[in-house]
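Same chain, two partners: chain A is paired with chain B first, then with chain C.
Showing the complex of A and B:
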């Protein structure tokens, strides 16, 4: 197929992804090997989700030139929406379980009171807020995972692009949106448990009998599948004429507009599509993380996502994947306390304290000296990058 | 009831005491008087002490005050052998220093064996304290007089009114402030305890326009209401408002009132139904309904009705009966104060005060808004200049603010005098952040002039590195930046309007920098060059201006002002490594709203943001998080109408 020929990175990436997932599965606790612990499998699964979010940001920033500092908000929003079902359903099961030992069955009112008390007791409430209306239904919540962030992105994007907000202005505006959203969720009466967030998400309702070591593998495969599909979708889109228009917008928006393209519509479409991708990534990430709270969607998270993509290399999908995987795993390693201290004689560098400094400065260096990121180095080796 | 009587007696007693200051009394010795009540004094209780205190107060003996004070302080002892009372101080565990109770004559130090200490409990001591107050109102010491007034203000009793009036008549207070307080207190007590309606109404009306919290505290209890129910509106009650079901109260609330008044029997609640059902389970069913089917309220009600029909449980009230009862009664709020003229005067006066308070609050809000605006102006102006001139967003701007604050902290560690250290810290903070800004511009930003989005990211990298560095150097806990003593406190106009001196100082600082910047930009060579470069860098360069130098200096200037802002913010906020993050988004908003590269624009932006934030807090005072959320939403909407800010600039930034 011509499409495959034009994007030689696609089969390689998909193959490597498959290989990676297979190897991890074989050597994991759940897969019979004992080399990779369950928590490590979860970390790797989460990393795959972050890679998917990075691809989303790469599409919108690397290819379309819109530096969104709000995609991690969509990511966390996806987590919240799936978390609502996970938490509600699990609490409901627990309540029902407890009720079987009682002589009288629960009335609907008693059931909802008990669930409300369990979930919202920490924020001093017991009523189930209206936004939890569909929390009982997995199908509806899954639809909402796509619909809510998509709609938010659509409305915000429409407002922003319509008034021709571009460049750094737009970045700041997306950052403001993220901040507003996280501040809103920090309130106890937001209906989403304030700064407690949603917790216990690693327990999947109805799958209580499946051990976490196996569940973690299921999620690893699901994340890998989502990443593979996301990569395929992104490559395909960029291969279409639509993709050329998108790249054109990045390179010279005014010229495209004069050529008669409805630039705003294209931008809006890409912005919304990538928001949905990020939300799906989040919906897969948080059941592995176990907890989602408003701090997860603080503006800094979105900026880190941009940092990963920039370090990996913008305008290349595999760059985004490399960047997100490498930097997030390195961050986990350095800040997790596993990295050995570095004695300098007069001062011992403890990585927990100095990793951020290193990351910040390294990031400045990459921006200055390797604007193509790590993927630029890969291209340098193969001498045939896909485009730019 | 008993307390009331005690109070009344005390009141009468005081009357006598003041009307007949040197009244002849049955006893002319305190000892004899005390012996008369020996039992009650030796084993005092709040119940029996009333008549004793009354008698003591009425005695008119000059020793009374000293005796009451000592009694309250547990300094009275009784000789178990003779039954005599003495004043005594404990010297050590076994020795007492004894004084005569009438003359106060020193009787030397004796062993404490025959003496037992009189220990009045808290309730008794309170009663003693109340009796002491009238003695203190004309004391020689101003502090004691003030304390007496305070104790009346805290817990007044009817007797205090007469005592206060008598004290005021006896001699005007030499201290004008205390005299005013006495006069005010007299009016407050008049409202509560005076006999005639006219007196009380006059006292209430005298408070019209007073903004004191305590005035409102005194007037509000007059308007306390009690929700009541009756068949028809009673004539004698002082009714505040008639209530209608559906409008003022719900069905359930009205019914609860009926139940409370003993007119209706209580509903059987779902919980009671459940309890009754649980108590009457027979096999796998209750009242003929299978247990597993009892998962709705209707099914449970049916089972309960079946039980009730058998007479096992009380019958639930029928809805029709309930409705008939509800319809047959009127519901109203009645003032607990019976005098309609008094409540009417109180309503009118409170309304008048309310209006004044509202105006005061609005003014206070304006002051708050101004001070917040000046903070945002200081924080954002540097950002606006660099953005305007160079088209560069400096994400590390917040960290420059933090640097300024830490500079202030370090200076205070070296120079202990807070005033002097502040004078040193301001220019030093400017110098430090100016240098940091210039270094950053030279090392990083000038390589990225044609890639604005990457500048954003590179400066962000610097921002996280600086933040972590600050954490590594200064730790995560907040460092204090103490303001000099003359900046402590607040400028209090009245009980509603006040503003702290720090905020005034920051406002002044903001104004100074506004003037300074305007001067630099409009009147100096550098300002001319800056304006030229911001309008058209290429043209400026061809006219012999060195854009490199201008960019560098502009960036330094913007960063330097951030440092000054840091010192100012540090004075009222805790200095932490995250200090800058708290202000950076508001600064961005300020720049976005105001329009870039223009001092007036930033001023307008800061004013809008500051006032908007305070305004939203005004409507939703309990929730500052929500206020910030709504403000950001407002900003996003505002951008729809003026995408380039309030004052749009033409030139490089505009074309970007």
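Showing the complex of A and C:
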């Protein structure tokens, strides 16, 4: 197929992704090896989800030229929406199990009260808020994972693009949206447990008998599959005439208008599509993380995502993947306390504190010496000339 | 001959400066018109207004048989109604190949969902090749257009204009950066095009305008100073004073 020929990175990335997942599985605790702990498997699975979010941002920023600093809000929102089902269903199971020892079965009202008490006790409530109406249906919550962030992006994008807000003003607007959403969720009466967020998400209802070491592998494979599909879809779309138009918007949107393209409609579509992509990534991430709270959608999270894509090399899909994987893993290592302190005699560098400085320095160095990012260096090795 | 575009009483002010002043202009469906005038006369601004880039403070612009109001349309709607434009400074998508540039310009459905469904087909390939032949870029189809010479970029933009198959072509200084034979080719192309469509050409080069052999509109300080055949306007004393005499 011509498409594959024009996109040599695609089979390479898919193959490496498969190989990576396979090797991790074989050496993991769940796979019978003992080299990779279950928590490490989860970290790697989460990293794959972050890579998918980075691809989403790369599409909207690197290809379409819209620097969104709000895509991690969609990511966290995806986590919340799947988290609602996970938490509700698990609590319901626990309550029902406890009730089996009682002489009388629970009335629906008693059941609902017990669940409400369990989930919302921490924020001083016992009523189940209206937004949890569908929380006992996995199918509906899965649909909402796509629909809610998609609708939010659609409305936000429609308002912003219609008034032709561009550049740094648009970035600020996306930050404002993120901040507003996170502040709202911090409130106890938001219906989503305020700053406690949703927790216990690693326990999958109905799969209580499956050990975490095995579950972590399922999620690793699911994350790898989502990343692979996302990568395939993104490279396919960008290879079409549609991709041509999207890159045209980035380079000279006024010119495209004079060719008869309603630029705003394209931006809206890409913004919404990538918001959905980020939300799906989030829905896979948080069951591995175990907890989602409003801090997850703090504005800084979306800025980090942009930094990863910039370091990896925007406008190249594998750049986004490399950047997100390298920087987020390095960040886990440095801030997780595993990195050895660096004694300088007069001062000891503790990476937990100094990692931010290192990251900032890395960002500056990449901007100065490899403006195309790490992927630009990869490109330089494989071929000369410009990339698409 | 029926009118395709009617501009009447249009005025544009930039920070108090009147770039276009009570300008009126008409062009028929199959007509060639040259617009000349000194630097800063408002020629490019005139095209900006028609294409929707600049909104006038006053005036009316009517388009086509149904006398649609162009001022109520977005740039994209105006372009889709049949107004094509070539910019003074060649503006092509430099990061993309000649083929990709032409493909984006080709007259096909423009909405995001129809473009998503678009797949290259034989008809499109033939159209692109025919255009490339016309603009002399047949051997550069897969070249990134940023690597083209200035003159080749001019040609590519002319090709993109033709690809849109517009009813009205607004051509801003097409001959800049072209060699003598290329200029001749350009005039041929424009004259041929004007047999079936309206063409407005802005050009400083009088030899070029003479070869177009058409009605000439002279702009000065944002209004029409004179209109008629080239010989007629060049013998007009006002025109000589502001433009030719310098």
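Assume the second predicted complex is superposed on the first by the 384 of 388 C-alpha atoms of A that agree within 3 Å, B and C clash if a C-alpha of one lies under 4 Å from a C-alpha of the other, contacts with A are read in each partner's own complex, and residues count from 1 in each chain.
The working rule: a residue touches a chain if its C-beta (ideal position, glycine included) is under 8 Å from a C-beta of that chain, and two chains touch if they have at least 3 such contacts.
What you see is a predicted model; the values in this text were computed from it and never measured.
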For this session: Once the two structures are overlaid on chain A, check if chain B and chain C clash or fit side by side.
Result: fit
Exercise. Does chain B (first) or chain C (second) touch A:187, or do both, or does neither?
Worked result: first
Exercise. Which partner does A:179 contact after superposing on A: first (chain B), second (chain C), both, neither?
Worked result: first
For this session: Report for A:37: first if it touches chain B alone, second if chain C alone, otherwise both or neither.
Result: neither
Exercise. Just chain B (first), just chain C (second), both, or neither: which does A:361 touch?
Worked result: first
For this session: Identify the partner contact of A:265: answer first if only chain B is touched, second if only chain C is, both if each is, neither if none is.
Result: second
Problem set entry | Of chain B and chain C, the chain that contacts the larger number of chain A residues | B
For this session: For A:254, select first, second, both or neither according to whether it touches chain B, chain C, the two together, or no partner.
Result: second
For this session: Identify the partner contact of A:104: answer first if only chain B is touched, second if only chain C is, both if each is, neither if none is.
Result: first
Exercise. Of the two partner chains, chain B (first) and chain C (second), which one does A:338 touch, if any: first, second, both, or neither?
Worked result: neither
Exercise. Taking the superposed arrangement, what is the smallest distance in Å from a C-alpha atom of chain B to one of chain C?
Worked result: 8
Exercise. Can you list the residues of chain A that meet both chain B and chain C?
Worked result: none
Seminar exercise, completed: Contacts from chain A onto chain B in the complex sit at residues 61, 65, 67, 103-109, 156, 159-160, 162-169, 171-173, 175-177, 179-181, 183-184, 186-187, 299, 303, 306-307, 310, 353-357, 359-364, 367-368, 371
Exercise. Once bound in the complex, which stretches of chain C touch chain A?
Worked result: 51-53, 74-77, 79-80, 85, 87, 91, 93-96, 100, 103-105, 110-112, 115-116, 118-120, 144, 146, 160, 164
Seminar exercise, completed: Contacts from chain B onto chain A in the complex sit at residues 270, 274, 277-278, 281, 291-292, 294-297, 300, 387, 393, 444, 447-448, 451-454, 456-458, 460-469, 471-472, 585, 588-589, 592, 623, 625-626, 628-629, 632-633, 635-637, 639-640, 643, 656
Exercise. In the complex formed with chain C, which residues of chain A make contact?
Worked result: 237, 240-242, 244-245, 247-248, 251-252, 254-263, 265-266, 269, 386, 388
